[in-house]
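Look at the two complexes coming up: chain A is in both, with chain B in one and chain C in the other.
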Partner chain A sequence: MLSFNSPINEEKKYNDLNIIEVEPIIKINLRSNKREFSTKIGKILSILPPNEANTSSGNEKFNLLWLSPDEWLIYSNDKEMSLDDQTNLEDKLFNEISKLNQGAVTNVSDHWVMINLNGNKVYDLLSKSCPYNFNDFKNKKGSVAQTIVNHINVILHHKQENNLNLFVRRSFSEDLWLWINDSARFI
Partner chain B sequence: MSNNLRINKNNFIDQTVRISFKFNGKKLFGYKGDTLASALLANNIHLVGRSFKYHRPRGIMTCGSEEPNAIVQIGNDPSLTDPNVRATEIELFEGLEAFSQNCWPSVNFDVGGINNFLSPLLPAGFYYKTFMWPASFWEKYEFFIRHSAGLGKSPTKPDQDLYDHQYAHFDVLVIGGGISGILSAKLSAEKGLNTMLVDDKNYLGGSTIYQDDNNFKINNENSNQWIKKQIEDLKKLPNLTIKNRTSVAAFHGYNYLLARENLNDHLSSYERKGNIRQRLWKIRAKKVVIATGAIERPLIFSNNDRPGIILSSSIKKYIDYYGVKTGENISLFTNNDSAYETAISLNKSGVKVKVIIDIRENSNSILSKQVERSGIKILKGYTVIDTDGYKKIKSFDVMKLSKDGGSVVGNKITYKCDCLGISGGWTPMVHLFTQSGGKLKFRNNDNVFIPDENKTPSKQISVGSSNGDFELDDVINNTVKNIKIFLGLDKNDLENLNIKCSKEKQKRNIWLLPSNKPISKTKPFLDFQNDSTAKDVKLALREGFKSIEHVKRYTTTGMGTDQGKLSNMHALGIIADTTGTNMGDLGTTTFRPPYTPLTFGAIVGRNVGKFFDHTRKTAIHDWHVKNKAQFENVGQWKRPWYFPKNGETMHQAVQRESKAARESAGILDASTLGKIDIQGEDASEFLNRVYTNAWSKLAIGKCRYGLMLNEDGMVYDDGVTTRLAENHYIMTTTTGGAANVLSKLEDYLQTEWPELNVYLTTVTDQYSTMSICGPNSKKIIKKIIPSLDLSDESFPHMSFKNSKINNVNCRIMRISFTGEHSYEINVQSNYAKDVWERCIEAGKEFNITPYGTETMHLLRAEKGFIITGQDTDGTLTPSDLQMDWIIGKMKYDFIGKRSLYRSDTIREDRKQLVGLLTDDPKEVLEEGAQLVESLDKPIEMLGHVTSSYFSPNLNKSIALAVVRSGKKLKGKKLIVPMENKNINVTITDTVFYDKENKRLNA
Partner chain C sequence: MFIINCPYCGERDQTEFSCGGEAHIERPKQPTELSDDQWAEYLFMRKNIKGIQFERWNHIHGCRKWFNVIRDTSNDKIHAVYKMGEKPPIKSL
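For the complex of A and B:
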């Protein structure tokens, strides 16, 4: 078995704020503008892709984030999901959607690094370098935002009150992790 | 401590906490709550600095951000000192050390003071007129001018303080914590709107908070008591954020504002350590209330700049708020009622005002009558014509004004004093309003520019004295009325308050007060910091400057660190009077951000040091670090540049790496290349349109190199694309071009080719790529994936196979950027480090050599492969690069095709890519060096070197260059003229090594 090396592999605790990298998590990018697509996703994942901008749907196993009118991101809640299971899921989606020209299915598990931020100071922290208006976001469970934190593109997913998952490209993740920890000192 | 000017009873200063500080090296004491200015005045120190041009002694003139004179250097360490800090704004802290600026050897004896005596020779425009001849002397002049330029000293070391930024989004932002701001914030927050209130002071309430006067009552309470209760109520509102010590610096379009919060400038160095000094707030508000108040104007008369001449409202604040007398023998000079309020405050504190000079003939307000009853002498219809005293005012001369106010009559009277309060009326602070795009209108009856309600950007309002309301009842009633409409409020308890206040009944304004001397013999200062006088403005007008913007620049009026807060209105007034123009028609100079100075630290925030720019790292980065790679910044990526061994230089390392790659095996981390996953039934057609060559017939499992052009036909990007399945490709792009290529392609799909059923997903970070090249590369791959059939028949050059390393999927591509037999392994990034280490381990017996970008560049140059962005610069077509073979001439269309047939792009004398060999094979050309045919002048430049290396495999120098008509010049001798020598070169083919491509299958 090859050894898995996530870029951060760390947890930090601050006053009213915890930050932790959550990996390995399967992440799959979906793109489609076909009508049948939603039905197929619903059958495979038991969740329908949200149509409303900046929202998500989900169940115990998976989350499905709206990214654009024809793009969604699936990610699993299960860190223990085996590599074979991950591959099987990807293959199933690919065969049912991409191969049948119903859209695109792309594994992005290692493209994004997921960082969980939770605690009362989450939004204070992000507002240090994120121009996004969190006033509505923080009160709406399942909200999704695509924005920048310290000029780095991120996807934010509201999981619970003061608890969100942040997705950042792997190559930027260490840089952003350092920034987040630096900012956390001053909140 | 010389504490004789401190009054003991005071609500705002904590006289139980004594603070020591130093001014010009002398140890002094103040109290908690003091500013440096109030503490200096309490110690009877008025002289704090010297003016910029004439080095005239200058004292504290105001109590706020408009201060032009009392700007000081903070800190005794020259490497970390902070220049141009207003003594009126900095709060006193234990250990504060401040120094006077623009004086040598001391503020008391300043050699530069000689300029004052030379002032007749230094009028406006002196520099422009004087230093233009003789032209050859300019460098000598420049030395002295530069030496005397600027105020204060810059620190010589990097700033040690920490700064950060904070974004904030509010329904309503209220700027200013005076009475109108407080009422606005209260009404807004009580309605449930998410509200922010900012004020630059450390307290709320503006001047009302110390307005303890029976003449000013709200609901039968003195206004200061009433406002205190409002502030207490305000602090309890849950959806209100109050930020004190926060100054709005800029008001941009669409209600985007920048505000600087001072977090620890008021703390001792011990308390500051490790904490943020200043925070820059980046605020977006749905609605903005500007309640920035007004500042008092000075009066313009001869020698109005002496230390001890202070704005009348500031004298009032020093006595009422700080408990500091600005003198023992104070007189006041005014054109309005404000000075009478000051007189009442001074009287209450036991300081007898000697005389009030009022240029108005009458004044019948409640205030003036009360002052008259108190026995203070009032000279009505008089003006101050001159003052005396060098380092501090000693006396002033008074004469009766003529009826029209244009001259003085009668006899001169001299009054002794140690402080003269002056009040020339009030100027609404409209800076932020105009920054946001609002237009001003001029109100003739009291000579003020106020926001034009018909030209106010939407979603903002100006209230209070910043909107031209100067009296308490007007301020409150108009604020409540206008905010109610602005925020759509219902009835509220702030309507119909019972307000009692004095009303000013008479007004008289004279911008330049007359003297008994001709103006040429007087010094009526307008801009106290830059020493520009009314004479200078009149001179500028005589010399033909008409526009206020031109007069400003010629005379430097308003160009100091105070940005003309005190001087601009008077300059306008004098221009209007002199030219017979209405002030409203003249307009104002442009108000630009920042309203008050911002530190560079606050602007930059935490983006310093390691956070100055972003760093992208590959999944194998740690291995590179461990193996002592030197890194090159490619975009934001850190790419290994070379791997020096045993103290090798870069040249030595690259030579070794290059030889190893050709003789046995090399390995490169190519993860930074952009990767785009392309799926959809029209994917092949999409690629046909994107690239110049044909893609429809590319078989599944095959790879193809493609050139992407801009619409103008110039090479934009290149890379290899692999057909993974019928409708599934993976495209690679250059490292630096990845993001732009993806955006461009997505843009084309959405706007130009919506009929194509194609989806793009970036996977640059998903897959890491390691390229193994060299004659032994096949053996290494075989060791890692024994089950993979690597025969040339099964796995030829430009093909790919899916495989697994252990149970992890990977893609193996047989593509080469070195001309060697090569494989690229693409694997999920989180497994990449392990795979890389397995490659190194497997390659040990073949001396596998990790190489960086420099060796990669050398190896590809030997093969004549281009690097987009190095050998191209956005002006070269494929034909210019001698790559006509890649243009699918039978194709219906592709991006840039039409442009390839323009008359300019088919010119034969375009610059074209060629190879170069130096006559001396050891001579390595400099990249960027020019190529010429002859050295006869004028020398015609034919082109330049784009890539140049010493090839260890060819044992000679090689280079690529773009040369005009280069394709036709093969074999031609050219010259590369360098600083110390000329290098002879010959134009060659672009391929230097293995022209037959035998090594690809070796």
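For the complex of A and C:
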């Protein structure tokens, strides 16, 4: 059973920058290199997994992020999604994919913490300690980047202009949260 | 510090990658017939030349895929990047 324990649970507001942890959100990791995989995901989620690197696909309910040529991350947009619905989704994916040897389905809801960064100073903040070149990323809606911020592995998902979701591993989340808030004071 | 063009993700900073050492080292077909010295040669001994070197790299903070790089160790100039299992686009320079 998922516990969604979080070390953060607060919202911070600075000039031109709002930071909040978004939870509880279901996150599921998918791995497969089989041909039928895409169609199965399409049937279950009504979204096809993106094949193009550093992109995502999505609808009102879910986002599907490209992580590598054979790995994707699903996350829900709906904080109100009931635990039953989450379990049903996971079971459906597991039965259609993992059980039939079409790939691997892993629930990583407790593994990743999702932090929403919103405001004009988002990229100023990240650029303080991130080697990634955001020039293309910030102009393309739905872009995905896996990189390091303050030496911590993160996944960045561009939602809208100056609004992105940052995924960080739970054990690193408090450290990154403290760094973000410390750095946000000086931008 | 230099830029590496990951064959999956595109151009990224070197800090996102980890070097896996010399590439194209073949595992001996009959390991049981090797002497300890020959086995140690296969396991541990690597070239560390000044000049063009064929290396394996891993995009460890990105897509986590392995690939090959042809790099000049004297100036970090990258001559080619190619996926695992592919033949080197350049034999030697």
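What to note about this one:
Everything below uses one rule, namely that the second predicted complex is superposed on the first by the 183 of 187 C-alpha atoms of A that agree within 3 Å, B and C clash if a C-alpha of one lies under 4 Å from a C-alpha of the other, contacts with A are read in each partner's own complex, and residues count from 1 in each chain.
One rule holds for everything that comes next: contacts are C-beta pairs under 8 Å (C-beta built on N, C-alpha and C of every residue); 3 or more make two chains touch, one makes a residue touch a chain.
What you are looking at is a predicted structure, and each value in this text was computed from that prediction instead of being measured.
After overlaying the two complexes on the shared chain, residue contacts for A:D182 are found with chain B alone; chain C is out of touch.
With both structures placed on the common chain, the touch criterion links A:N133 to chain B and to chain C.
Of the two partner chains placed by the overlay, neither chain B nor chain C lies in contact with A:M81.
Of the two partner chains placed by superposition, only chain C is touched by A:Q146; chain B is not. Contacts of A:I44 after superposition on the shared chain: neither chain B nor chain C is touched. Within the superposed three-chain model, A:I20 lies out of touch with both chain B and chain C [touch as defined at top].
When the two complexes are overlaid on their common chain A, residue A:P69 makes contact with chain C while staying clear of chain B.
Common to the chain B-facing and chain C-facing surfaces of chain A are residues 131-133.
Within the complex formed with chain B, the chain A residues making contact are 1-7, 23-24, 29, 31-32, 70, 83-84, 87, 98-99, 101, 103-112, 127-135, 150-152, 169-172, 174-175, 178-179, 182-183, 186.
Contact residues of chain B toward chain A in the complex are 162, 164-169, 194, 275-276, 282, 284, 606-607, 610-611, 614-619, 637, 672, 677, 679-681, 725, 727-728, 757, 759-767, 805-809, 828-835. Note for the complex: chain C touches chain A at residues 8-13, 15-16, 61-65. Contact residues of chain A toward chain C in the complex are 53-54, 67-69, 71, 131-133, 146-148, 153.
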